[in-house]
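There's a structure below that I have some questions on.
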Amino acid sequence: MAERRGFTLGEIAEALGGRVDGDASRVVSAVAPLDTAGPGDIAFVADGRYAAAARSSRAGALLVPEDLPSLSVPLVRCRALRPALARLVALLHPPATWSAGVAATAVIAPGARIDPTAAIGALAVVEAGAVVGAGARVYPLVYVGPGAEIGEGTVLHPHVVVGAAVSIGRRVVVHAGAVLGADGFGFAHDGTAYRKIPQVGRVVIEDDVEIGANATVDRAMLGETRIRRGAKIDNLVMVAHNVEIGEDTVIAAQAGIAGSSRIGARVLLGGQAGIADHVTIGDGARLGAQCGVASDVPPAAAMLGSYARPLTEFQRIWVAEGRLPELLRRVRALERRLDGLESPGRERAARSGDER
Amino acid sequence: MAERRGFTLGEIAEALGGRVDGDASRVVSAVAPLDTAGPGDIAFVADGRYAAAARSSRAGALLVPEDLPSLSVPLVRCRALRPALARLVALLHPPATWSAGVAATAVIAPGARIDPTAAIGALAVVEAGAVVGAGARVYPLVYVGPGAEIGEGTVLHPHVVVGAAVSIGRRVVVHAGAVLGADGFGFAHDGTAYRKIPQVGRVVIEDDVEIGANATVDRAMLGETRIRRGAKIDNLVMVAHNVEIGEDTVIAAQAGIAGSSRIGARVLLGGQAGIADHVTIGDGARLGAQCGVASDVPPAAAMLGSYARPLTEFQRIWVAEGRLPELLRRVRALERRLDGLESPGRERAARSGDER
Amino acid sequence: MAERRGFTLGEIAEALGGRVDGDASRVVSAVAPLDTAGPGDIAFVADGRYAAAARSSRAGALLVPEDLPSLSVPLVRCRALRPALARLVALLHPPATWSAGVAATAVIAPGARIDPTAAIGALAVVEAGAVVGAGARVYPLVYVGPGAEIGEGTVLHPHVVVGAAVSIGRRVVVHAGAVLGADGFGFAHDGTAYRKIPQVGRVVIEDDVEIGANATVDRAMLGETRIRRGAKIDNLVMVAHNVEIGEDTVIAAQAGIAGSSRIGARVLLGGQAGIADHVTIGDGARLGAQCGVASDVPPAAAMLGSYARPLTEFQRIWVAEGRLPELLRRVRALERRLDGLESPGRERAARSGDER
């Protein structure tokens, strides 16, 4: 690897829109975790809970929120820590560059259009009619189907499959092994067996979307499956045919969305959550990990459980369930006491052998 | 793309076994969703709930069930709508054809047998002893292991992996990234560490099966993992070693079936459902989304929940759970009232500080 | 396939550290399931429950636990059946051998170091700076990223993706389609949109780990994601950034572990289980299938449910839930009886129309 360039804390604070508390001329060349950082590294402290770890860290500098007390090591203070962290890592760890051009071993069908500033890796396949935009990067062993469109600056990691009739916007990142545009799961039983309903619709991935490793986004039966601008989808997520996912929605790993459901904008969908088919999820809803949603959810609602309930209700019930065995005993006791009141003297006899 | 051929409604009705209600000479050339269809398209109306959308659609014609009231646009009426829709889409959107033959960049080991009518795509690998049947299509970048068998007319989409000792029947569709024949998950702890139990059994996929993108079907430890004729398996499903899946069973996305379990015929397994190992699921059972089944299920049973219960019981309990916090309060109130009856005047004192 | 070598039961007993009960000179050449084994096969009987199946089996010999009663067929008796079975299958079904060397169609970047005893399959890609150790096997269509390290004797099955900055130890098995080293899922909202937090950490897979088909292990944001010696991970599992998995821990299919969580040693994690982020799971914990764990779990604890509870508590609650609808009725009855006691004669009137 090439020698990494160092930055002074002054340069870093300027790039991050923060300010230095301490020696602004100190040079760091890498971001590292608090516990392993050395004198040439800058680490970050998300909040006061990590103060002890910060004090014992060997880091040469720390990125901290504005209100953290001073420490013996120089600090770069920023108002919004996480966006600053994003900029810091990008500054000190810029992605590897690559050269434009088509690898000799890539297989490009006649009629595919590859922008001269795009990079196509070894053993990638680009089929007829496909279009790869400016500055796009297609890693080795990727498959781009006939007629597929890859927008400017989009990155397809190794082994991604982009089916026919998939359109991907600009600055999209698709991680290794993701499959975009496989057939939706549609069958009709004709009385004898299942007959496949051909899936002939499209997939549209808008700008600035990120899709995780081994995730799958199926093509629509008719019409389109659409993932709107800025949505972030984690590994092993399933997006079925004709689903629509709103802008800036975040979907954690292994969640699944069944056919024709519409997820609004800025929704948070937890890991392993499931959305049934033909459901509408309102903007800004928060659906917790492993929840199962089978009916519409209003905007900004928070839901949890399978089948899902409003979050606070779920929590109350979860706590109450813990007392359910005790509750059974208490009800049985009440019944006996009441028997005693109603028929004094016969209580014990009547209840002997009670198995309830 | 080639110009699509148009069909008259008369031709369509004949192909579908339906009848035209309106101008049978009208020509349509594509199937489209109700809301985006234009005059050259035919849309479909599943049932009366979509009547308003149908009236406002610009579609040139509509495929409808027999009993739908007439509309101003010509209709093709069919008894069973979904099988008719399957035929309609296949008629107007026939799959792209491909040429037989082996791509120059495919790597075919000596001793592999490829039927001359099969098509092997770019950069596919077919190992020694593998057999690819008539009319089969192996897409680019597919791996067919040593000794694997691919039946007539079967389609392996890009990046499919077919391991050694996998046998796939006729007209099977395997979507991109699916892995058939990886090792089952079998280890024995010898007191020091886990020792791998070699997985040397087979995978048998019978005719007319469909397997979704990035799904995995493991080879048996001994014997075989078998997916019977006509079963349909969605994306990201896990089928473990020595599992057997019955005819025409449908398994939705992200469901998982642990080792040696036997799923009957015509079972419906919902998304993200899980079946434990060594369980038998009877024919025609319906196991809902996210359910967890750890013991045998009789034929035709409907189950839901984790761990699963009979569906109606699950529903009753789910509703009752919503009243559980209230129930706790009511039982507490009962206890106080009963205290009052049993020991008049001491109720309040006895219960002060009660935290139950 | 080459003719399989036969072994006498005497040879087998010696290799397994067991003893023969019957004719030690009998020769078998394959391990087979009880119900399909023939005279040339040896089958195994895990315990007495399979005694009837054993008596009706046509197997030429049986591997059995020490205490199983004698049968008419020769037996090989071993103390620990499952480790013995592992050795037996390895003995009779040794893995196919392969030749060292780099396939002509593999694409090896200048600066990659391939041990001369390693085997690189057709159409595999090994990027610059990558190191492949002695006796390693890289199957066709594998991608090994720049700087990645593949240890001695490690096997990467077809379509595996090993990203940059992934280090894999010795004797590791990675099954087809698994993705190691994709970006962790980290974004910071800067008030306008999500900004990617670059993921620049590593993945470290220690010796003797096994990773299932289409599983994903993300690289750390900073620092490392680490899977310790001997851990076994099944298909379609998700291991997020900065997770640490302890030695000899076993994770069943489709389980997911969110960012920065630490799973101890010898943990058992059931299928489809989910662990939230920043959680610590103690050594030897057993987390059941489909459970959802959102807070720390002490060593050796057994948990079940979503959200998880101690196993015995979960079981008691699950049983009690089955009586919840009945409990509601009983509480209603108690309320009526108590009304009757408190206000004789008014009970029926007061409660008429009660829907509670």
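Lettered A, B and C in written order, each chain numbered from 1.
Everything that follows uses one rule, which is that a residue touches a chain if its C-beta (ideal position, glycine included) is under 8 Å from a C-beta of that chain, and two chains touch if they have at least 3 such contacts.
Model, not experiment: these values are computed from the prediction.
Student: Interface check for copies chain A and chain C. Shared numbers divided by all numbers used: above half gives same, below half gives different; which is it?
Tutor: different
Student: For the two copies chain B and chain C, what rotation in degrees overlays their C-alpha atoms? Round to the nearest 5.
Tutor: Best-fit rotation on C-alpha atoms: 120 degrees.
Student: How many angstrom lie between the CA centroids of chain A and chain C, rounded to a whole number?
Tutor: Chain A and chain C have C-alpha centres separated by 24 Å.
Student: I need the residues of chain B touching at least two other chains; which ones are they?
Tutor: Within chain B, the residues that touch at least two other chains are 123, 141, 159, 177, 214, 236, 254, 272, 290, 306, 321, 324, 327, 331, 334, 338, 341.
Student: Write out the stretch or stretches of chain A touching chain C in their complex.
Tutor: Spelled out, the residues of chain A in touch with chain C are 1, 31-33, 36, 80, 82-83, 85-87, 89-90, 93, 95-96, 103, 105, 121-123, 139-141, 157-159, 173, 175-177, 208, 210, 212-214, 230, 232, 234-236, 248, 250, 252-254, 271-272, 289-290, 305-306, 318, 321-322, 324-325, 327-328, 331, 334-335, 338, 341-342.
Student: For the complex, give me every residue of chain C touching chain A.
Tutor: Residues of chain C touching chain A: 107, 123, 125, 129, 141, 143, 145-147, 159, 161, 163-164, 177, 179, 182-183, 185, 187-191, 193-198, 200, 214, 216, 218, 221-223, 236, 238, 240, 254, 256, 258, 272, 274, 276, 290, 292, 294, 306-307, 309, 313, 316-317, 319-321, 323-324, 327, 330-331, 334, 337-338, 341.
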